[in-house]
Each structure stands twice: as C-alpha cells, then as structure tokens.
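A short worksheet on the structure shown next.
Which chain is which? They are A, B, C, D, E, F, G, H, I and J, in the order written, and residues in each are numbered from 1.
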Amino acid sequence: MADPKILQVFPNPAPGRDYVIEHTHHEFTSMCPITGHPDFGSISVRYVAGAKCVELKSLKLYFHAFRNEGIFFEAVTNKICDDLGKLLGPRSLTVTSDWKGRGGVTSVITASWKPGAGRRR
Amino acid sequence: MADPKILQVFPNPAPGRDYVIEHTHHEFTSMCPITGHPDFGSISVRYVAGAKCVELKSLKLYFHAFRNEGIFFEAVTNKICDDLGKLLGPRSLTVTSDWKGRGGVTSVITASWKPGAGRRR
Amino acid sequence: MADPKILQVFPNPAPGRDYVIEHTHHEFTSMCPITGHPDFGSISVRYVAGAKCVELKSLKLYFHAFRNEGIFFEAVTNKICDDLGKLLGPRSLTVTSDWKGRGGVTSVITASWKPGAGRRR
Amino acid sequence: MADPKILQVFPNPAPGRDYVIEHTHHEFTSMCPITGHPDFGSISVRYVAGAKCVELKSLKLYFHAFRNEGIFFEAVTNKICDDLGKLLGPRSLTVTSDWKGRGGVTSVITASWKPGAGRRR
Amino acid sequence: MADPKILQVFPNPAPGRDYVIEHTHHEFTSMCPITGHPDFGSISVRYVAGAKCVELKSLKLYFHAFRNEGIFFEAVTNKICDDLGKLLGPRSLTVTSDWKGRGGVTSVITASWKPGAGRRR
Amino acid sequence: MADPKILQVFPNPAPGRDYVIEHTHHEFTSMCPITGHPDFGSISVRYVAGAKCVELKSLKLYFHAFRNEGIFFEAVTNKICDDLGKLLGPRSLTVTSDWKGRGGVTSVITASWKPGAGRRR
Amino acid sequence: MADPKILQVFPNPAPGRDYVIEHTHHEFTSMCPITGHPDFGSISVRYVAGAKCVELKSLKLYFHAFRNEGIFFEAVTNKICDDLGKLLGPRSLTVTSDWKGRGGVTSVITASWKPGAGRRR
Amino acid sequence: MADPKILQVFPNPAPGRDYVIEHTHHEFTSMCPITGHPDFGSISVRYVAGAKCVELKSLKLYFHAFRNEGIFFEAVTNKICDDLGKLLGPRSLTVTSDWKGRGGVTSVITASWKPGAGRRR
Amino acid sequence: MADPKILQVFPNPAPGRDYVIEHTHHEFTSMCPITGHPDFGSISVRYVAGAKCVELKSLKLYFHAFRNEGIFFEAVTNKICDDLGKLLGPRSLTVTSDWKGRGGVTSVITASWKPGAGRRR
Amino acid sequence: MADPKILQVFPNPAPGRDYVIEHTHHEFTSMCPITGHPDFGSISVRYVAGAKCVELKSLKLYFHAFRNEGIFFEAVTNKICDDLGKLLGPRSLTVTSDWKGRGGVTSVITASWKPGAGRRR
C-alpha cells in the first residue's frame, strides 16, 4: 500500500491567511482488488493549510505508488484523506476521486477530513 | 420489473465519516409503457452511506434489468430511489434520471429518499 | 392563442415525496407580434408535483400550438407559467424561456408560479 | 455619449409576479479613451421589472450608440446601470460587461443598481 | 521580485456603489525556484474597489515582471494579493492562480485579502 | 409551397473571380407531410456566383415561407437546389440540409445543382 | 435477427441527380453474443439513391429490432450494409457503426456496399 | 473606404522556401450599407509570401479602418483580397470572411487572388 | 515485454469486402525507460482485415501488459504495429499512439504496417 | 539566440518504415523584437525520421531557450525548421507555430524543410 512517508511538507508561506490550495492529479491509476483490471481517474486534494503545505512532487510520487495496488474506490479516497489529514493537520481538507467509466458507469467519491473520524481499519 | 434482490452490498469502509459516493450509469434504457418505444438516459445515484455501500457491478446488473420494462420516467426514478433507500438505509440518498430528447423534449427527474415517503403503489 | 385545454394530467406516482420534474422543449417557436418574424428558443418547466403531473406528449402539443402566434417573450413565459400553475396546482413551479439571438441579442425570462400572482390581463 | 433617450419602455405584462428578465448583447463595441483602439465584449442586463420593461430593439440601438465612444470598462458598465435604473425603476437590476482579451487580459465588471448610488460624475 | 511600484491606480468612477471588477491574465509565466523550469498559468484578480481602481496596462506589466522570477505557486499568489491589497485598500479582494499541468498535476490557489493578514516573510 | 419569386438577386461584384459564397440558415423549420409534426434543421447554400448573387434578406424570407409546408427532407433539399440553380445560373451550387433528431435519428441531405437534372415531379 | 422486411421504401424524388442522403441513429443497442451485456453506439447510413429511398420510420424500427440480439460489431455492420444494399440497389452506400467504450476501448466499423461482396455466413 | 496605404510590408525572411502565413482578425466589424446596422465577423488572410510579408500591426489598423464603412460581405472580402494581392505579389493568397448570425443566418465568403482577376469596379 | 501470444483472432465475417475496423484504447499506460515515470495515452488500431480479425478482449489484455514496461513512444508504436501485422496479415494496418502532455509537450506517433519493414531490433 | 547544440538525437528504432512522429510544445514563449512584449503560442514538429530521432527532453530545453529572445513569428518558425532539418536529415519535416491573439489577431505559420532552402540571413 502506498506509504504516506513518501509525502513531504514545507512551511505554509502565509499562515496568517486562510487561503485555499487545490492540486489535481489527472493520471491516477490503481487496480480493481477483485478482477485485477486497471482503474483510471483523477484525484483532487483541496485544503486550507495550517502550519504545513504538502510538497507537490512528493504528492505526485505518493499517487504513483498506488499504480499496482488493488484497492476499492471508496477505500483509496478515504486512505488519501486520512494520510494527508494526519500529515498536514489542515484547517480543512477535502479529497475527491473521479473515476472513468467501466461498462458505462462513472463514479465520484468525496471525503472531508476531521480529526478522529475515518476508516474502520 | 427489475428485482432489487439483484443488488448486493458491502460494509462501508469509513463509517465514522460522512462522505459522498456517486455512481452514474450513462447507458440506461427502458421502454415507454404506452408506445413500446425505447427510452435512453443516464441514472445518477448519490448517497452518504450508513453501514452499507452498494456493490458497483450488482448496481449495473440491476440497471440492465430495466431494459425491456415499460415504465414512466417519474416511476422508474422513484422505484430506484425506494429500492436503494430500503437496501442501504443511507444517511442521505438522491437519484437523478436524465433522459435524451424525443421529439425535441428532454427530461430530468430528481428524487431524494426519506424513510416512510415514496411511491403510492 | 395556445389553448391550455390541450394539456393532460396523470396522478403523481409518488405524492408522499417532494421530488423535482423538469421537461425542456428545445424546439419552441413563436412569432414576433410586431414584425411577424419567427422567434426560436427553448422552454423549461421545472416543478414539484402535488396530486397531478403533466403528460409529456400533451405538453409538447401545447408548445406546438404557439407556432403561429404573435407573442412577446415576457408574455409567453408568464402565460405558460399561469396555464401550468392553474392546471397542476404544484408545490412549486418555475418556467424558463431561453431565446436565440436576433441581431446579436439573446434573452432569458424566468417566472415562478404562486397562486394569485400573474399576468395583468 | 449614448443618449438614454434612445431607450423605450412598455408596461410589465405580469406586474403581480417577481420574475427575471435577462437580455445579453453579444456584439458590444466601444473605444479605448486612451489609445482609440476598439474594445469588444458582451453586456448582460438582468432585472426584475417594476411597472416597466425595456423594449428590446431600443436597447440594441442604445448599445450601438457606444460604437465610437471612448469610455473605460468600469465607466460604461456603471453608466448603463444608471441609465436603465433611472428609466425602469426596477425591483432589482444587475449589469455585467464581459470584455475580450487584449494582450492576454480579459475583464468582467458587474454592477447592481440601487437608488441614490452610482457614478461620481 | 516584481516591484509593486509598477502598479498604477485611477479614482473609482462609482465610489457610491459596491460593484465587482475582475481582471484575468491568461498568459502568466514564472519559474520554478527549484528546477528553473518555466511555469504557466492564469491569474484572476477580483475586487470591490474602495477609492482606487488598478490601471489595466500597469497590471499587465506588473504580471510580466514575474517572467524570470523563481517563485512557488503559493507564494506568488499571496504576494499578488498583498501587493494589490496594500495598493488599493479594496472593500474586498480575491486572487486566484490556476496552473497548467506538469506531470499530470494542475493546481489552483485562491487567497483573499484582509488587512493585517498575509505572508510570513 | 415556398415561391421562388420571393428571392431577389444583385450583380456579382467580382465576376472575374471564382470565389465561394456560403449562407447558412440555422433556424429552418417545416412540417412532416405525414404526421404534421414540425421539423427543425439548418440549410446551407454554398455557391460560386456567375453574373448574379442572391440577396440575403430575400433568402431568409424564402426559407421562412416553408414554415407551414408539409414536405419531406429529400424533397425540400432538392427544391431549394432547383430554385436557386434556376435563379442564379451559378458556376456551382450545393445545398445541404441538416435535421435535428427525432426519436434519436438525425439526417443530412446534400444536393448539387446541374442544369437539366433535378426532381422528378 | 432483425428482419429486413421491416424496411420500407419510397421512390427517389430526384432520380436525375446524384445527391447524398445520410441518416444517423444515435441510440442503437444490441447485445454482446458472448457475455450478454448490452452494447451501445450509433449507426450512420450514407447513400446515393438509385430508384428507391429508405423510409425513415421503418429504418428506425429495423434498428430497434436488434435490441435483444447477440451480435458482434463487425457482423452487425456488415448485415446492415447487406440488407440495405439488397433493398435499395443504391448508386453507393456506406454504413458506419461507432461503439461506446467498454473497459476503455471504443470501436468504429465502416463498410461499403458493392453487389456480390459481403458476409461469409 | 479603408485605404490600402495603411498597410506596411517587410522583406520575407525565408524567400527560398514556400511556407504559409495565416493571420486571423477575430474582431472585424463594418456596417451594412443598406440598414446601417453593424456587422461582426472574422477575417483570415492566408498566403505564401513572395518577396514581401505584411506587417501585422498595420494589417490590424487596416482592418480597423472598415469600422464605419457601409459595405457588403461579398465586396469587403474581394476588396481585402485585391488590396493584399496588389501589395504583396504573393505566390498564393486566400481571404476568408466568416460573419456572425443576423436573424439566424451566418455567412462565409472565400476569395483567392490571381493577377488580373477581381472586382468589377 | 508484452507478449503478442496474448492476442487472439477470429475469422473475418465478411472476407469478400474491404471494410475498416478501428479499435481505440483510451487508457494505455507504460513507463518511461529512463526516468521510470508513468506515461499515459491512447492507442488506435485501424485495419482492413484479411482472413482474420483481432478479438477485442485479448487486444485489451495485450495493451494492459505494457503497464509496467519501460519503453519509448516510438518503440511501443512500432512494436504494436509489428505484432498485429504479423498476427493478422491485414490488407492494411495503421497504429497511432497519442500521448498526454509532460512538461507541456504532447506527442503523436503513426506507423503503418508493410511486410518486411519494421523495427531494427 | 537558442543554440541548436542543445538538441540531442537517438537512432531511429524503425528505420525500415516511413512513420510519422509529431511533438507539440504547448507553452512556447518568446519576445516581440519591437515592443519587448511576450508572445505565447504552441510549436508542432512533425517529421518522418531518417537515421535519427530528436530526443524529447532536449527538444523542450531548446524551446525554453527562446524565452527571452526577441524574434518575429515568421523568423522563429523558419529557424526551428532549419535547425531540426540540419540536425536530423529527415525524410520530411514540417514545423507549425500557432500564436495566441494580441489585439484580436491570431497567427499560424507553417514551414516545411527541404535541403538548401531556408532563411535569407
């Protein structure tokens, strides 16, 4: 599973201001845990930074690390939300995954971070 | 009529978080109950899961089961809303059907689930 | 003038639920009452049904009945709103007309129904 | 400067209803007051009528009258807003001008009318 | 670093009205401070003027002055917000930067001005 | 049936050059001769003028004259081609009609003029 | 299998002219002969008529007759080409089928009719 | 009438190569010679230079000079073709004007230059 | 390297006709052989079948087999062309790969098959 | 001026086949030699390789080297064509530059390489 230790941070250059940062990775790919077929989509990370910002290149490498992982749409979205929430301690954070069609069905999953909430595992 | 027993569920992987799941089937087709002509459209299901999520492939097969059913736009939208509401017990659920033009008229029907509300029949 | 008696209704199949029905006629045409030139546009009807829904084919024929009528944009929008409001007794109703350009000017008129309000005539 | 006397009105056909009228002129052109170069854009007028509606053809001719006027984006938007506000006495009125790029910069100016507010001059 | 002294102002022509001015520069380019590679994007400035408006040509030249500067997305957005906020004393001001993809990732940064908030440096 | 006498001509201003003139009417409407339902589409006329050009406003009125005629797609295309061919004596002429969908089917008919060819009737 | 006897013809109204007729059915659906899953696409028929034209409503019903047939993309395209070629005896005829994606793959099959050529079966 | 003396030239930097230069002015405007209403469109000039290229800014000013001229679509296209042909002596030259809709009709005029051909006047 | 033995064939159902089959895989991904970064693009295969057609599901699995291969754009395009050419013995075959941008550069490679031509390795 | 020595090559992997390679740089920027204002556009290089292919990253750096050069549209297009022609000795080569609008005018320059032809300087 993609290791959140790949992610790096830098100090927020404007900590006195609540401003919004959004990074969208348009070439996310992982694998279906049942069939082993590849899934494709985009992942958007939208947050108001506290003390820390996520470094963009490390975020891209973290996303690349899902390439050969078998993981459901719902689970990967919540994992990214949890990993970034714990790393950044943001004032707010929303992760959206938008999946290309497979058999005529597209999916969008949107999760927002709050401390103490999260995945069951 | 499409049997809701086709639908399968799996446990919500992040029950501690209110997050949004949206599946859109772009190739829905059923029949006009009056003329027997085929209708085409897309169906979007958008919900915040409680304990259960709907399994994606079974959702697709459930939609396929309407292929040769004669049913009005308003009725099919409410039936899908009722079937998924009863199955999932979601925190919230909205079903939208968006129908291609016939004689220059397009239609969109949007229904949200609440326990005890629903179709008259 | 298009006679609202053309319009037919059927019983709302889900009267226990406030759900939204929207029909858009993309090929509306009437005449300018001053110049006699044809006007083209689309008409959207968006409502929450009470006891009755408007039957789709009769709605289309009602719209066709404006084909050779000379009527202003503002007037036709309010007339459709009045005719459907009186017919359906809806929980809410909005009619939008969106007119193609003529000499580089497009127009959009949006009227919502409430009992007792309406056109001066 | 374009004379608001060009504008003509007709009685609101549905004075008992607050409904929205929007006219968009897609081929507006005036001149830069500094360089003399032509500016191009669109002007949208969106209002809820009181007793009066603006007649569409006269509105177009009023817009044409700016063709050879040197006037800034901010000023022309506020002038149109003032002229129409004074003429119509609307329940509400918003004027938006959307200007094509010049050296890679586009501009949008949005002004709403209220009695007693307006341009300094 | 781009000098805010490049920016020029003119008196707000309608100081009695809260209206919105938005300028978007579609051809912004700066340099990545780490790799030296060029970055490309657009910058939108949206504000309600107080006593002063920013002159459009000087705004463009101010943006051009970033052409060979090495600066992060987050920092350039906050700097522009600070420079314009101090210059204009606006009633409100929001700056949005929208960056083209690099390795499949696009970014959008949105900062709003308030007196006394801002960058740490 | 639309009378070709509506059409007016003016002398070709550049008879020494073979250049192409194309007029497209985007709001053509006629009636289905069987069902009486309205048909909508666009008509393009593309020609190299001989001695005469067709006057644009008269062309528009000629197209308007089909508004309440019952006529098949194939027939109206050939009639327009014949009428303009006989009127203009062009060096070349092609008429294309492009019809909006009805029950999910769109149609395009393309006919070129040559003296002595044409409709059977 | 869809019976070509559904198709009806009418006499070509302009037999003295080689002109092109193109009908596109945007809502074609058949079944995969292996998996039984529905396929969706559009079918274009483009021909120069000889003595006969295909009647549009019968063509639509002929396409509807494939709704529950299991047939490969290549085979259905060639069958339609053969059926229409034999029926119409056209001066030329091309049939194109354009299939929506399934697992990220779209397909287009294009076949032209000539007497004596065709499917092996 | 726009004076071709506005146009300036510079020497072709690659006279040994037949390469194509295309300039498109997207904001062309002139007047209808009959009604006095403004016309809007775009003008494309596509040529293979001989010894001379047209200077871009002078071309723009030449186009601006039509702003208040009353001139037909066919005539303005041929005049620009003639003016540039005589000025540049190009290996080839095509001028296309593409006019926005007026009453639902758009027009495109395309003229190519050859020595000795041209407008009748 | 992706093994062409994954590919399966079926007999051409219309061998007496030269018709065109085009399959486009929109979710192709491989790796850069230098940096190890993922590449994304689409692959189109367009051919006129001889005796054999390629089976669609096996083609998709063959494309999936490149997922973790390091291979240049030029090489993968030629390999697919060679593999399919040898397998199918087509009357004609063209393979096009269309690669998403990386640092602002997109690429398209197009190779056509002929017996005896091909990659050097 | 951008030094062609930046460009690197690798051996054509399929020299026995005439196949087409196209690279498009979407973020090209240089300076106007007269005004010093930045120009923005895209550059496409389309060629059939002889013995050598251009390495993609070096091509990007070569394009970056024009960032602060003052050079006309016509000249930069011909220089790139010459530099790549001399470097690659291609079987064919076409360079297209497509420039964003400035004052409402866009430009496209297209040059093809042949030995011995080229810029005068």
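FYI, a residue touches a chain if its C-beta (ideal position, glycine included) is under 8 Å from a C-beta of that chain, and two chains touch if they have at least 3 such contacts.
All values reported here derive from a predicted model rather than from experimental measurement.
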Quiz item: Touching chain C and chain H alike: which chains?
Solution: D, F
Exercise. Could you pull out the chain whose C-alpha mean position is farthest off from that of chain G?
Key: E
Quiz item: Among the chains, which is located farthest from chain C on the basis of C-alpha centroids?
Solution: J
Quiz item: How many Å are there between the centre of chain A and the centre of chain H, using C-alpha atoms for each centre?
Solution: 53
Quiz item: From the C-alpha centre of chain A to that of chain C, how far is it in Å?
Solution: 45
Quiz item: Roughly how many whole angstrom separate the Cα centroids of chain B and chain G?
Solution: 32
Exercise. Could you check chain F for residues that touch two or more other chains and list them?
Key: 27, 37, 40, 100-101, 103-104
Self-check item: Pairs of chains found to touch, sorted by chain label
Solution: A-B, A-E, A-G, A-I, B-C, B-F, B-G, C-D, C-F, C-H, D-E, D-H, D-J, E-I, E-J, F-G, F-H, G-I, H-J, I-J
Quiz item: In the complex formed with chain A, which residues of chain I make contact?
Solution: 27, 29, 37-38, 40, 64, 67-68, 100
Quiz item: In their complex, what parts of chain B are in touch with chain A?
Solution: 11-27, 53, 56, 59-60
Quiz item: So in the complex, which bits of chain A are touching chain B?
Solution: 72-75, 77-78, 81, 101, 103-112, 114, 116-121
Self-check item: List of chain J residues in touch with chain D within their complex
Solution: 37, 40, 100-104
